Amino acid sequence: MTEPLFVIPLWADLIAVGLGGVQGALFASGFRGQRRLDLLGVAIIGIVMGMGGGLIRDLLLNATPVTLQSNWYLLTATLAALLGMLLAGVFQRLNALIVGLDAVVIGLFGAFGTSKALALGLPVVPAVFVGVCSAVGGGILRDMIMGLPVAIMHVGSLYAVAAGAGCTVVALSHAFGAPLVIAAIAGLIVTTVIRLLAVLFDISLPEQRALYRRKVAVETSAIPIIKP
Amino acid sequence: MTEPLFVIPLWADLIAVGLGGVQGALFASGFRGQRRLDLLGVAIIGIVMGMGGGLIRDLLLNATPVTLQSNWYLLTATLAALLGMLLAGVFQRLNALIVGLDAVVIGLFGAFGTSKALALGLPVVPAVFVGVCSAVGGGILRDMIMGLPVAIMHVGSLYAVAAGAGCTVVALSHAFGAPLVIAAIAGLIVTTVIRLLAVLFDISLPEQRALYRRKVAVETSAIPIIKP
Amino acid sequence: MTEPLFVIPLWADLIAVGLGGVQGALFASGFRGQRRLDLLGVAIIGIVMGMGGGLIRDLLLNATPVTLQSNWYLLTATLAALLGMLLAGVFQRLNALIVGLDAVVIGLFGAFGTSKALALGLPVVPAVFVGVCSAVGGGILRDMIMGLPVAIMHVGSLYAVAAGAGCTVVALSHAFGAPLVIAAIAGLIVTTVIRLLAVLFDISLPEQRALYRRKVAVETSAIPIIKP
């Protein structure tokens, strides 16, 4: 239970929280019909996406949640969620923005999660696991709270694989002697690029393609995937 | 990881746990048809509602869960759940009782959560956040376990807003020098009154009204909101 | 926050993790149609079932998650999940294997959870609670991630009751002076036997039978229970 010597700079952490908040609010604003959320609901999803990754990371590490030690995290996530709502009103075609932001956000949370786990002395494999949970955990929480099918189980496009690859790069670079900051930046880039390439070229694991198509159709029409 | 100097008195904590247990069991007993729960299911929901708020608070604070340090919490929650089942059998019109108890329970958990967070040295904003999570967390867990739409996202009547207002009162009173006990009592009253007024006068945030109506209809007929 | 003097031997822990991983992957492989999972999804469910119980136990105890302190846990869970996928391809009739493994897994996690809680000084009632959460928590997580009705709320056959009885045996044996190892073995046997007998003779609590039948039909046809 010693305090970590490694500290993610506040500004970097807040960038991740802010981008997560914007992305969450953009995502939540896109729902129509029965699933349409009010302002508070959109803000909650923004906060969940902005803060969820860090909270899950610290829970898994049994560390005091950094995101609750300063006022800035929640203020940033909330303001970012409001910004996301405004953007959703301004732009008509949001999908590219949502996907792009998401790729950066999972890259950031994955890199931060793995780095912190390594700094706390975890072995390579669980450090990668903590990074992946940190990267995809916010989205899992979001889907469970919104009653959606959990995206990571059904959406294709190598979502978790991208996070896993980036976190592995962080852990291996660190194991081979690279400074954590360099390792984290390399991991961030790997995750973001893989995720974007996968979306651009519609690459997915076997069996996922059909589900992915159906999911997209479902989200567009706001009819849930659970139907007879 | 120092032990908190501030300790919520056991009797006050047990009142919150007990009322939560009764309310959870009343809520769960109301389900008919496909969602009807057996005795164990009703007891589980009672325990989740009675203990969930405190567990979530202590997880967020990285504190040893107080509710697991004594036999009394679980015994109280279980007995309260049994009492709730009996009451559900005795009274025909439960709705007023469920809503009234719920208002007091979110007020209690919100006030306790915020107070403990402040006592552990958290800044104002995250202290309010911990209080709100503590107030509404039990209900979120309940809805996710029962496969219901998460109420806080869809039910109107200022549910989370009431919790947030009360927790803010606790944090601000404390910041302006009021003793935590007084601050907590003020917060409890604010949350409970706002919540009850919101229900009485059917006040809600923009966009929520339609969803709220649909949700109530759904609960009455026990047909889930997720349908084509 | 002292480190526990009591340590579950790594090999025993890994057996539980491995069996959980096999069982989770077998379960997840059984889905057809809309819920069919790809390789990654099956592996995730295997990891959730293999590691979930231990993670939930350590979260509730505010202990550093043991499963993340060594590479072996995740490697074992992942390899076990792959093995489970192979087995699912080899055997046509898996149900007996899934149910049998499940009975052993909840017995192991329940016994380990209760033992560790007692070793950390928790009173009897919360120690049993931690054991039960540890036993059934992996399955709850699995169901929530897969968007299934949470089995413990709806499936009959004394699922949670079996876990509770075994954990109570552990706690009471220990209270009456038995060494924790003997107490844990006794609890494991009690849980496994009750669970298997309940399945064999189709015993359930009042009100559960109808739901159980419907659930089984639902799983067979892969049409979710949530339908109009």
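A, B and C label the chains in the order they appear, each numbered from 1.
Heads up, the rule we're going with is that a residue touches a chain if its C-beta (ideal position, glycine included) is under 8 Å from a C-beta of that chain, and two chains touch if they have at least 3 such contacts.
This structure is a prediction, so every number in the text was calculated from the model and none was measured.
Peer 1: Given a C-alpha superposition of chain B onto chain C, how large is the rotation in degrees, taken in steps of 5?
Peer 2: About 120 degrees, rounded to the nearest 5.
Peer 1: Chain A-chain C contact: same residues or different, taking over half shared as same?
Peer 2: Shared-number fraction below one half, so different.
Peer 1: Distance from the CA centroid of chain A to that of chain C, rounded to the nearest Å?
Peer 2: Taking the average C-alpha coordinate of chain A and of chain C, the gap between them is 28 Å.
Peer 1: Hey, what residues on chain C touch two or more of the other chains?
Peer 2: As it turns out, chain C has residues touching two or more other chains at 1, 59, 62, 144, 226-228.
Peer 1: Which stretch or stretches of chain B touch chain A in the complex?
Peer 2: The contact residues of chain B facing chain A are 1, 59-62, 117, 122-126, 129-130, 140, 144, 149-150, 152-154, 156, 160-161, 204-208, 211, 214, 225-228.
Peer 1: What does chain B use to touch chain C in their complex?
Peer 2: Per the touch definition, chain B meets chain C at residues 1, 34, 36-41, 44, 55, 58-59, 62-65, 67-71, 73-75, 144-147, 223-224, 226-228.
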